[in-house]
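In this document, chain identifiers A, B, C and D correspond to the written order of the chains, with residue numbering beginning at 1 in each.
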Amino acid sequence: MKTCNILRLAALTSSLIFSAGAIAADSFKIGLILPMTGQQASTGRQEEAAARLYMAQHGDTVAGRKIELIVKDDTTVPDMTKRLAQELIVNDKVNVIAGFGITPSAMATAPLATQSKTPMVVTAAATSSITEASPYVVRTSFTLAQASVSVANWAGKNKISKVITLVSDYGPGKDAEKYFSQTFTANGGQIVESLRVPLMNPDFAPFLQKVRDAKPDALFVFVPSGSGASLMKQFIERGMDKAGIKLIATGDVTDDDQLNGMGDGALGVVTGHHYSAAHPSKMNKDFVKAFEKANNGMRPNFMAVAAYDGMHVIYEALKATKGEGDGDALVTAMKGMKFESPRGPISIDPDTRDIVQNIYMRKVEKQHGQLYNIEFDVLKDVKDPGKTK
Amino acid sequence: MNTTDQEIVLSAQGLVKRFGGITATGNVSLSLCKGARHALIGPNGAGKTTLINLLTGVLQPTEGSIFLNGQDITRLPPHQRVHRGMVRTFQINQLFDTLTPLQTLALTLSQHYRHGMRWWKALGNNHRINERCEELLEQFHLAEVMNQQTRHLAYGKRRLLEIAIALACEPRVLLLDEPVAGVPAGEREELLATVTALPEEVSVLLIEHDMDLVFNFAKCMTVLVNGTVLTEGDPDAIAKNEQVKAVYLGTEAAHG
Amino acid sequence: MESASLSLQAHSRWKHLETVFWLFALLSPWLLAKHALIINEIVIVALFALSLDLILGYTGIVSLGHAAFFGFGAYSAALFAIHVMPDPLLGLLFGAGISLLLGALCSVLILRGSDLTRLMVTLAVALILKELSNKLSWLTGGTDGLQGVMMGPVLGKFDFDIRGITAAWYSLAVTFLLFLLIRRLVHSPFGATLTAIRDNRLRAMAIGIPVSTRIAVIYSISAAIAGAAGALLAQTSSFASPDVFAFDRSADILLILVIGGTGWLYGGIIGAIVFKLLQDVISSITPEYWTFWIGAFLIALVIVGRERFLYPWKWFAKR
Amino acid sequence: MLTILFDGIAYGMLLFVLAVGLSVTMGLMNFINLAHGAFAMTGGYVTVLLMQRMDVPFLLCLPAAFISTAVLGVIFERTLYRHMYHRSHLDQVLFSIGLTFMSVASMTYAMSSSQQIIQLPEWLKGRTEIGEGTWVLGMGHYRIFLIVICALLAWGLQAILTHSRFGSRLRASVDDQRVAAGLGINVNGIFMITFAAGSGLAGLGGALGIEVLGLDPSFPLKYLIYFLIVVAVGGTSSITGPLFAALLLGIADVAGKYYIPQMGAFIVYTLMIVILLWRPHGLFERKGGK
């Protein structure tokens, strides 16, 4: 009896699958794979919104080809990312895959890009090594090395000599720790201690207490956006600022998405990053305005801008190849591409396919009653320091 | 108690069991010879079931030791005591609810014949076991319900199965814990018949409140009160014993 | 009286529809070539669920950390491919074998205590392994995952292709063989003693079943099969990351098994098909909110009843 | 040193309030409610909404969070949970996980997936330090507040369970539903109130926890493990068990991360395995308890 039921179920489901398969031909397809649920969900939402905004602003036809965006949720599970990418490439015949919320997801998928010669535009994951995993990887987000090195340089010049680093214990965190420490000690600074907190960490209290007891000049922090807010709050609650410990960080900590909710305690925090929603260019102002309008007042953050630029890179490459969807041609067109982004001028390094961009030093200030990362210094055209081996 | 001329199968010496500060069993000694029909009686809470649990290894005694066929089994785990021939039934049915009586017996027999680790042959693939299953089902009037799940069986049938399982293990010592307890009058006869028809060479220790059954069945009795042995003797002696009367009347009075 | 032998063996005999189901399953990568990848994933999940059914459905041991063995198998197979040799079958054996050993070790932990205790202990083991896989980055690649897994061709002939056809065949074949073994096992005297332990441990002991040993044996077997499933995942995706040990994976597999029903072998398989297809279909429609509909499905399933939900024609029969 | 102990206690107290409801439904009603975290999350979001949109003071939000989740608890208990009491544990798990999934997705839809942040009143933001050198004790005011509130709650709950009429009726209902009903106890009503109180406490915990644990829609799944640890280690037969377990967990977690940060996540899990091997039914097992 039961087997009979299984059969019926199988027949039912197979017919379901078949019917879902039919998709219009000859469109140019972009498969966007992002964590849309789970703890990284905010990344996915920012990026999807930005990608859709770009399409709304620039039309969905490029060089005679209709652009089709297929969004998939990988639930932040790498083997799922890989399977989805594989299905997109094999079944949906996408021309470009994009997204990739976390490094392992990107790493798991990279061999597939090589195998199928499909350009893979990384718009989130930020470990240096990703672009080396496949010659088809192009990155439009940032690398933690870029941000950390810049912060380290700034700290060295601003009378900070003893620093404790505190990073989330995973790939990007280790990158941040490594490049910050390298640069900072090369500039004559001293790393008192390097702390790594578990990625799933409910309470920063013990780590912060340890820092407070060690009394360095500053605490350098990288935690993924999302954890930044609670770290900030506990930093203040513990009276670290009053104990004379400065908080310096990569921009993930004062993520634009959440900065406003952090309260006045965040005022004065110095971070180094590639994008601030307060970047004073016309292009950015328009971008922020349109984004907020389309998304119920949500402020775009660095994830959004990466997806926005990712779409731009794909659009321009398609234009340059006159509508040819060939993978190699697209990647060649992307290499060395130079353009103005809401974050400022950026380019794709022709050798490493990684992003070259300005890193801004910012300080949290209040503007029109809202908190923003206000840029006060800039390091121009920073290449990924992780590549200069 | 003239047991010296016969072979002693099971003997417990100075068993003590304490739970925290409470002494459930206090210095109980007991021996069963081959083919014994021994009854263990005593008022509720006298520690009869605790004693069975000690003998079968469900509980570890605080002091004292247990010998089966002359070997010390005090520290043996329960299943090894079964392998050595000491099997029990339970006062409250302990059956395999989702299995049928047939499956229950078949699996008990395969375990008994040391087939418990065989995973490549199907259950029911063995002639000897199948035949023995059929015999037992007949003997215990379970043949017509052999393919019903145990949890759906009538109480009396489940009681029968309880004993059938024990017999499937071919015990040399059988500990029966209130076999007829709670069985409605209609199903009682079947059960009593099977108890009295137990193979002669099996030594039986019976716990029972039903005095008719006890006095019909037992050739020797032990009276347990408050965890200690009050007296031991043949049924006539026990029936005449004033102390025993006092205990039973006393408790009866307390109940009444 | 019906013969004991016939009645006893009724369960273990192959039914026609079972045969048809497996024929269809084994042919599916060919029939549904486009969907080979999701077939592969479903098959792996089904095998994983099957391994849990052995301890949960047949022996009554709950676990919220079965991903420990899945992940251990995955890493073992991936590392085997990198450091020893790329042959998939040997890697699979290695992964399953290593997981068997881990299962034997861990079985000590689950013998005592209540269901809740077991849930938490198994969970803790999986999470500790996850943390280890993160910390031992020299071996495992840390959080970034283990890269550079290059698999050789199956049986020296069939290369893994990008469409996932070989992968699906491979996983299906392995799963089918293991299913045959498991099916034998649960219908054997050994399997019956497991059910006895599940139904009533006290009585199982009283008929001479060495309960602790049996549990340890089946737990190790289950661990080996979970390890094989993990190895299949690592081999067919050429990748392993600490995520293979995640709590979500253990919890999902429990859900999947319970969706299909425990203790009849096909529960895990049906659960895997239903859950994965629902997830795939719904999340392609609404990537953000698919969990809502999965949740609704679970609740409806429980309230309406599994039997009636999956086999609606029975609904009318019961009323 | 003392500061670490203090932080650990505060963290533990918070975990206690979050988990005690689960312990009550699991231990007393023998129902596995994995959706417990969803109630906690609801309490958190009630607080966030009240504070951000309506400028309600924090102190008023706490009872509001309690009451609203308790009411929600009653609604769910009457409509859904009631039918689940007699189902198998696995069905209960399936059901409550389903509910959790739905709550996560709904909350993402309603409130977006971002972290929510609240601004505490000024008097809770400060920090007081006593002592010198190694014995310095630094206390965040909010953490003092947490400890006081949670200690009062624990004491109150214990008093209600052991001394009040309601407590004795509850215990009677748990021991034997039929007998209790025969004695004229409204078992249904008792269970409803208990469930509501458990949910309400979760909601209160969620509200109190925003500041320390953060709040986003993945909250119910993220902290489920911690709740379960508290319940498993503490045993499900008393209030003191989970309280002690929560404190132990809090202190071990905080101290472990302070003194051996590289061992991070290992400590809690290893400690749990050791305790459960030593005491399989939790630290405080009631003889003959479920």
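By definition in this document, contacts are C-beta pairs under 8 Å (C-beta built on N, C-alpha and C of every residue); 3 or more make two chains touch, one makes a residue touch a chain.
All figures in this text were calculated on a predicted structure; none of them were measured in a lab.
Visitor: Keeping to the contact definition above, tell me which chains border both chain B and chain D.
Guide: C
Visitor: Where are there more C-beta contacts: A-C or A-D?
Guide: Between A-C and A-D, the larger count of C-beta pairs in contact belongs to A-C.
Visitor: If you average the Cα atoms of each chain, whose average lands nearest the overall Cα average?
Guide: Centroid comparison flags C as closest.
Visitor: Nearest whole angstrom, what separates the Cα centre of chain A from the Cα centre of chain D?
Guide: A distance of 35 Å separates the two centres.
Visitor: Find the geometric centre of each of chain A and chain B from their Cα atoms only, then give the gap between the two centres in Å, rounded to an integer.
Guide: 72
Visitor: Per the centroid of Cα atoms for each chain, what is the distance between chain B and chain C, given in Å?
Guide: The mean C-alpha positions of chain B and chain C differ by 42 Å.
Visitor: Residues of chain A that contact two or more other chains, please.
Guide: If we look for residues of chain A contacting two or more partner chains, we find 37, 41, 44-45, 169, 198.
Visitor: Mark out which residues of chain D touch at least two other chains, giving numbers and ranges.
Guide: Residues 104-105, 108, 262, 264-265 of chain D each touch two or more of the other chains.
Visitor: Among the residues of chain C, which ones contact at least 2 other chains?
Guide: 131, 248, 288, 290-291
Visitor: Which pairs of chains touch each other?
Guide: Applying the touch rule to all chain pairs gives A-C, A-D, B-C, C-D.
Visitor: Within their complex, state which residues of chain A touch chain D.
Guide: 37-39, 41-42, 44-45, 169, 195-198, 200-203, 205-207, 209-210, 212, 226-227, 229-230, 233-234, 236-239, 257-258, 261-263, 298
Visitor: Can you check the complex and tell me which residues of chain B touch chain C?
Guide: Those in contact with chain C are residues 56, 58, 77-80, 82-83, 87-88, 90, 94-100, 102-104, 106-108, 110-112, 115-125, 127, 130-131, 133-134, 137, 143-144, 146-147, 165-166, 168-169.
Visitor: Can you name the residues of chain C that touch chain B in the complex?
Guide: Listed in rising order, the residues are 1-9, 12, 184-185, 187-193, 195-196, 198-200, 202-203, 205-211, 214, 217.
Visitor: Provide the residue numbers of chain C that touch chain A in the complex, in ascending order.
Guide: 15-18, 20-21, 24-25, 31-32, 34-35, 37-38, 40-41, 131, 134, 142-145, 147, 162-164, 233, 237-239, 241, 243-244, 246, 248, 264, 266, 269-270, 273-274, 277, 281, 283-284, 287-288, 290-291, 310-311
Visitor: Within their complex, state which residues of chain A touch chain C.
Guide: Residue list for chain A touching chain C: 1-7, 9-10, 13-14, 16-17, 20-21, 34, 36-37, 41, 44-45, 48, 71-73, 75-79, 82-83, 86-87, 89-91, 103-104, 107-108, 111-112, 115-116, 127, 129, 133, 169-171, 174, 198-199.
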